[in-house]
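A, B, C, D, E and F label the chains in the order they appear, each numbered from 1.
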């Protein structure tokens, strides 16, 4: 339903998670893995934007076997996330429209990520293609 | 420079990486972590779209201390990635434009991810804000 | 409700998970980490019984802020689990009784773990103490 | 020998270990992974009971190729463990009895887990079936 | 005692371990993480020489609180290790000599690493400084 | 070129990395994993010498497909590294000499590891065999 909001889901992102993510993705920018550099410049090591993004989408994942991800738009990172911050994920349906195939519906959700102080640190639009037919 | 292409960077994504990513992001969809389900439906367990995305951006990361990520558009996953596939990342500058602050330039790159057979599995546009002033 | 069954939850346990668990717990028995030994003796490396147990309880975890674990009884491992097997978790309420504090109820559940072929590989009884008062 | 005590074995459990364990088992209860929630309610994030249990059994593991785990009873968690605590494991033989197969002996050990302040945080009884015949 | 040999200790090194090691050390050479490249060139992905070295020293670690590592010499990697191989570690005392401080003895051990087929894949000399005084 | 110095590369080593390394290598010496013991004795938990060594070589890795590692000499650990320290890696060419096969050159580099305060915590000599022929 348009405007429907799911409950909040939360997880703290620790430096251990940032290091693991760097190892998975090869992004070892000093903002993420060099304490001395990051402390002086940002007041602490930063969580990779893509980890914030991945965690917000993961916390919002639907175990709906009839939906597949179509794509993302307007991916923005309005405020930094530091290791030790706790991320809260929200999802809201903002658009529903038909696909050229009548059995498919396109659902667009706005995902928002906030930190423990309520500051918005992430937002994007996620469009999913959902098969409307009954599936056994 | 517009049209400039960086060299290719590659990494195989193993099921161990998929499991680790699921643990970091809480996305335990059976397509990623249930071998029986995924084998029957997709011919193998799928790499999370966000892990593909994160790895393509990680392989393309620039250790440029004057650039910050502005955002992503047109994020698409045209073909599935299975655990065991090897991802290749490419980046190409597609747009350069001024920001309202004269010292900032906006650089837009197209990131492309391919598998070991040359099939495009990922694409997006990444805009970075770059400080053009000399920095010590 | 007595006899109530939750839906099935599943996850494949890969050798990467077994290695990680060995590193967390210091249990490097050759049945788990020596391929040559385990292949000859068991037809493959075995998943730690405690990882099977932890995964069955994790898949069954309830995000009920008023319940705390009281303890486990009759923990049994009737058949081996090999790395690569997929675990299915089931929970069934088998007993409800009052605690000496009237606001507390004791709920006992039987947890069962099965592999992808429907063989029971784990069972135990888990008793939880639940606060029956309304909590804001 | 009845009453025999092994030497102490110890390991600090860090939040990184708790996060890794959550990822392996899918137990992301906020008591373990949400710093804000856990700090207010428990004075810090809690180690999963099953990680404490797994670590106590891992620290006590015997590399005895003739012993197999029969099962656990009376598993209790008398005090909470917070991330950063150091666990000490102890094992004591409390019962020896014959199996109906004469070549098998049943050994029951009491496992105890303590924190760095000597507080008992875990206990259980572990019964192992040991093959008494000489094995090459 | 000179010539004394400890028992064998073994562990299989899986690709998951290689990936984790790459993430910890930033050595993402394609010989280790690019399946297509490594398969064509080496018949499989190679274990980092430093992971082989670290595992051989780890399997040989002595929990002797009076010994500290002085250094390594003649570190050699005579044959490649592929992910999936099982490493066996051996240690042999090859030299004992006094330090200029009379309370210290220098013990030199030869560490050898073999694969599951008995091929020597690693060797080095490790010198430890051991405090000979009684310590409470 | 003899005397040539590469730019500095840095990474903070967190306790999470030390725990992971212990799990990969089985070196669970209390200096690395027992906070109480290590705090009293060393003012904090120590990074494994082999992790320092592996990180220095990893930070210095060359993606030169024509070079292979010949071996290491004079591996020394002049000062302790504690978890939380930031390692800086340097490499300097100190020797070039021909191999008995004319197409091979032997390059010896001195690797140095420093902490965030400029204290040398690691040094070694690394000899690489480089194929001087043109390779497609």
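For this structure, a couple of remarks:
FYI, contacts are C-beta pairs under 8 Å (C-beta built on N, C-alpha and C of every residue); 3 or more make two chains touch, one makes a residue touch a chain.
Keep in mind that this is a model prediction, so the values were computed, not measured.
Chains that count as touching both chain A and chain B, per the definition above, are D, E.
Simply put, of B-D and D-F, more C-beta pairs touch at D-F. Against reference pair B-E, the listed pairs A-F, A-B or A-E yield one interface repeat, A-F (criterion: more than half of contact pairs the same by residue number). A separation of 36 Å divides the Cα centre of chain B from that of chain C. Chain C and chain D have centres, each the mean of its CA atoms, that are 15 Å apart. Taking the mean of the C-alpha atoms as each chain's centre, chain C and chain F sit 42 Å apart. Each of the following residues of chain B touches two or more other chains: 11, 14, 16-17, 19-20, 22, 24, 26, 28, 30.
Applying the touch criterion to all chain pairs gives A-B, A-D, A-E, A-F, B-C, B-D, B-E, C-D, C-E, C-F, D-F, E-F.
Considering their complex, residues 9, 11, 17, 20-22, 24-27, 29-30, 48-51, 53-55, 57-59, 61, 63, 65, 69-77, 124 of chain D touch chain C. Chain E contributes residues 10-12, 14, 16-17, 84, 86, 116 to its touches with chain C in the complex.
Contact residues on chain B toward chain C in their complex (touch as defined above): 14-16, 19-20, 28, 30, 33-37, 45. Considering their complex, residues 19-20, 22-24, 26, 28 of chain C touch chain F.
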